[in-house]
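Before any comments, here is the structure.
Residue numbering begins at 1 within each chain, and the chains themselves are lettered A, B, C, D and E in the order written.
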């Protein structure tokens, strides 16, 4: 791999709460290469969104505390000054959020919101920015963009709003796009359209993408590499095929087995994962997944497993070997 | 397989939050709010003062002594004396009874009329709603003090009628807040759920809607108490309100305003009593709001009426 | 015929007291009043002219038609715009005003007035006896709505014989006719034309020292000097004009005086008097007036129909304490109505002060226990509330409970009229003739006898006194009546307050009058 | 839009009708009649009867009401019993003073509450936030007449900076106008401002926590741009509602302040007319106040539509 | 197919929109459900799938008369639901229950979960004795996999999955025959969805329940259902049973919907063909004439924009509403 676009090193995010500090992200490290799509997979509370917000200093501090480093093209995002990070936000690193209904300002026109980054980062004039905004809307597949640029968000459907968010994200030709559950709120047919759009833009612009989701189906369709997060810690990281084929980590495996797959006769009972995701303020001392892991042994609940690399580009945090799994 | 997982096979995990009743959770939240605690302590002291007032008051509230009039605060008269030589400390202490009673009963009246109107209006909607709310709008559009004065003129002055007058003025606020909450709660899924189980309207109102509108109403109650005390003061300033010689703070303050230069203590002590009490109610109201209902904003509506 | 200044108005009552802290200016004005020749002196007249006086009133005038208004605030203004046929002088005896002279026929039934020459209305028209005839007939006509017809109780006809002669025929001797027509601006002479064109309330036209200019909420009521005033040859009025502004709050009104925003205020809160003594920039003047404060028990209701009960209460109270509490010393406790210092003064004090034993004995004798009295008072007259509180404390000593019923004055009047009360408390101000003090209040036919006093002896005495033209005989009749009234405790008199005004040190020549009339014709501003 | 405004105007007319019925009923339930008050303590049955008849007060109440209503609909509000002047004249010579005071008070309120509210929300939890919140708590807890007299004693009597009371119209003397306006406007403006402050603070705080604010930050906007371009345009919407309500209440709720500062406004007129049972004036004053109140509400709702494109489209 | 428990014929639910003028005039109607016909046999699970706004939830509510249908008939076990009196409707609700989408909103926050579960017992006066009621509540809690010890706890103390279990227990309290499950897993975490789906299956086996399973997640629907009905803009586009489903959906919309569902298998995802739809769903305020899908349909013909296709049976109960299959 050539120099990564982003190299996250030992990222730890904790929040001060009434019951003490809660570590929501714990020693999280990963790289994103040029034109690569990295999927970060996890359930709610796994720390996947927080870890990406931390990159752009978008978490309120306090109560949040962010430690570690995130080298973006060699510069550490975490330790940047306010004005430095502003120069990066929306310019070199763009972000798309989950809910296109609330992520767009309801009282500003689409055009206004699209033009902002163009004017700030590219120094465009109003006319130039407006022309570019229309162009961008066209790029993301909004029909008759010239007529829609002065519309307000509520006049757009959910899918179109997410397209606007994407247009906003790519407006300054960023090096890295972080999409945080960008299709979760959309219907499947719309999701398919958006995924298609992202893939196309990525090819055209050579964009690196961090795709944050809980949906393994989406991951299978879009990612080059996958990071699985659970309870704030990385469980497994690998290229896409290895994750799905080898299912080295019990959590990855359980997750895949618990999802129904369309087609076929009435299948067998789903293999549900018992129990509940952990409360970040009361993480177990050992492996965060241990209490729900059907293969867990004594050691799992005491020692947190270190990441090990069973193969090139594959890292797993588990004391056990797939051979030990007894289904 | 571990022991943990075998139990998980049977039950789908333990509750994720520690067991605290809703009330307990509310109390905890309030106790974490320093201002709310301050307010509660002040109110507690006031209630105690009102309860044992006659025992601690060094003088009778109507012990007139013209030679001792307009004396400044001293060891024998902590808050000084008024224009009739009455001990202000005793009057302020006993006055807490009158002022708190005016507040509580006035707001109680507003609650008793306003909440059922709001419930009926919000729950049944349609024509009932239109008519009741238009009526409330009309009351709302009437200048509050004039309305109170007119009601007082009709009923005749006196502490009881002052309470009724203030109560009528606050009725539309409670009706509106209740209606607003009912409209929200009525649309909530758990009400549909109850309906899907075959629950009758009465049952839904009683079991599901009423307990859930208690929160905003409680908040509004504490804020309205504050404003009822201010309203009593305003009415007393205009020469209505509580009848002499009952020592209501508003009346004492209104009487004291003519003595600002000769005997500032006549206005300062009842004034402070009002300010502190009103603040205490506001603190508690804000604390309750944080604990029960972060979206509440009725303070605006209620004070506007003052 | 009787005159009753019935304007029992809040603002006036609360300030009927004062401290004579203004020796020098008061003396000056006294001199000016008595030395008429001074006004003839052009130089001194010049030095006294000029300036616009800013006067602050505590109440708002309701309307400016002198025949229809009953508000004291209106009369404060109209006093300076209108004239009456005769008017009270400094000693309150009647002097000529629009009438230069008058005669009474031998049978005392015809009064002939001769009009002053050269009087003109503010609109330029000459004043004639026909104007008087018109005005008096307007007052007499119930349809016109004037509330003063009762002052003409004995008048049979009013007719202008010619331009300068007016004849009033009465049905019985009316020794107080002059007081009736002159002591009160409600009997002012108005020109027919402004009544007929309806501008009397908005643009009054009189014959007085000042002409009405305008009235507006922001500028108040603006009067300007009447150059053609019938006393213009005396250099009067001195002022270029008077502007009345209305400031309802007592404290704020006084602050306006202290900061020089206004030159004169109509009342001073009594508790402020002591504090104002040290203020060199102000003059506070007080004079004994014809006012009295009292309360009355409802004799149509048991047990107040029992004279013993009324006497018990009159004995139990301490008038000195009440006067001190309500007026801070600017009043004289009194058991009779008419204050000291006038021809009609009658000093009679049968009740011991605060004799609780005697009072309790009287109650025992009446067989009354567990007595509760509801006192009708109004916050619009705050001193009535204070007095009731003091009385409540005093009666507590004989086991009588007092409940105070504080209502607005509109309700007060209604309750009084309906008779649904135990006791009411108020004051009478501006009385001059003894008939004003007794007839309406205590005659069984009296228009103000709401307490239900009915003593045939008193009725007889009052009827006789009304028509008695000999002053000493008349005085004797009133004293006999007063003795019965006081003994029967028809009214329980409390005290006579002083009339009081305050003004800036630059105001000269103003005098506080015993009849409470506010007249600026001889006032001027220094520098 | 037109249909909406028409509907609102229709509702307003109904509400005003309701107001007139309530005022009319109340005033006729109140003991004491205007004639009795005008006659003072001296009661002359003949004069009373004559005046009652002349004012039409001897007719059945319903007849009186409908005759009044009939005239009112034609724009004739009747004649004041107390002053003998047309009610409309009395009202309109007093309206400017009340509007001046209400608008000035609102100005003071906004001047205090907008910057402090925004700053407190942006720096929520700071010393400034606590200080401003505490000050607002005190300000809303002080009875208005007490505050008014305190200001007079301080600024007029002790410091001699400002006149204690009265009203000068702007056209007569702008400097005096401002001097006389300052204290009464301050008295209610600070109370109203404290209420607005708390509201603005919470509205801004709420907008600050919306996802679109995060989006704006993620675009690289400065905090200033985030607040003025994204947070405030949203926060204004609820704020405008409350400001409108406050203006309505200021217009109808200034009675006490008008009395203290001898301000010749509608409130004081209404109070006098209650005392004198001058019901034509009271009717007129209350209707006018209610009309202004309802109109302000309507304007606010229309403004709401202007500020919020989601409403505008409907 | 077994005996029919529920028969829906031409169900329509329209919500009127009123003008803001002085007189309330109806100016438009949201045609949320516009002619849905569906029958469900006893013991069967029928899945109702479609994208947001297609009317699937409204259909579920209208079947239980929780919204009033504008038109059409719903017959439950032979009784016409639209004609039931208030009392009879109550009886229906004893036999037909509902599970809601949002486990956070569907429980009264001020009621302990035990009270929530026993509420239907109180309403239908089923266990008049308090202790019996508690026993029954405990039993229900056990049945949905929650410890009876927690019956005094409040909803906020539980996770979404646990609350959904409470919701299920409440729905089952009166031992209903028929349950409308309205997106019961949509709001849950991935690892919890399977737990709830398994629970629903187990309960069906144990109690012989009939389900109408409403969801937008085609894989979940297909996993649970004997038959699947696909809705688009207020109408049913296709009804297929398990084997027909496996053999391939016929309606162009159903086809594209299926192809849009992401499959957690990278190899499959890379190779499979996708039908990408153009544009957005039309507004139910102003649905297009003819076939409602014709504005987005890759195969649309002139006829589709004029003539409305009706559901026709392609054999074996496989119904499609498309002119392509005439």
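In this text, a contact is a pair of C-beta atoms (placed from the backbone, for glycine too) under 8 Å apart; a residue touches a chain by one contact, two chains touch by 3 or more.
What you see is a predicted model, and the numbers here were worked out from it, not measured in a lab.
With steps allowed only between chains in touch, the distance from chain C over to chain D comes to 1. The most distant chain from chain E, with centres taken as the mean of CA atoms, is C. Remark: among chain pairs B-C and A-B, B-C carries the greater number of C-beta contacts. Centre-to-centre, using mean CA coordinates, chain B is 23 Å away from chain D. Spacing of chain A relative to chain E, judged by their CA centroids, is 31 angstrom.
The centroid of the Cα atoms in chain D and the matching centroid in chain E are 53 Å apart. Between the CA-based centres of chain B and chain E the separation comes to 47 Å, rounded to the whole angstrom. Among all residues of chain A, those that touch two or more other chains are 274, 276, 292. Counting only residues that touch two or more partner chains, chain C has 249, 251, 380, 408, 410-411. Among all residues of chain B, those that touch two or more other chains are 12-13, 16, 153, 156, 257, 260-261.
The touching residues of chain B, when paired with chain A in their complex, are 1-2, 4-5, 8-9, 12-13, 16. Contacts from chain B toward chain D in the complex involve residues 35, 134-135, 137-139, 141-146, 149-151, 153-154, 156, 226, 230, 233-234, 237-238, 250, 253-254, 257, 260-261, 267, 271, 274-276, 278-279, 282-283, 297, 299-301, 303-306.
Contact residues of chain D toward chain A in the complex are 210-212, 214-223, 225, 229-230, 233-234, 237, 307-310, 313.
Only residues 51-52, 159, 161-162, 189-195, 197-198, 201, 216, 218-220, 222-223, 242-243, 245-246, 256-269, 274, 276-277, 279-281 of chain E touch chain A when the two sit together in their complex. Of all residues in chain A, those touching chain D in their complex are 53, 56, 58, 82, 86-91, 94-95, 97, 99, 102-108, 112-113, 116-117, 120-121, 152, 154-155, 165, 168.
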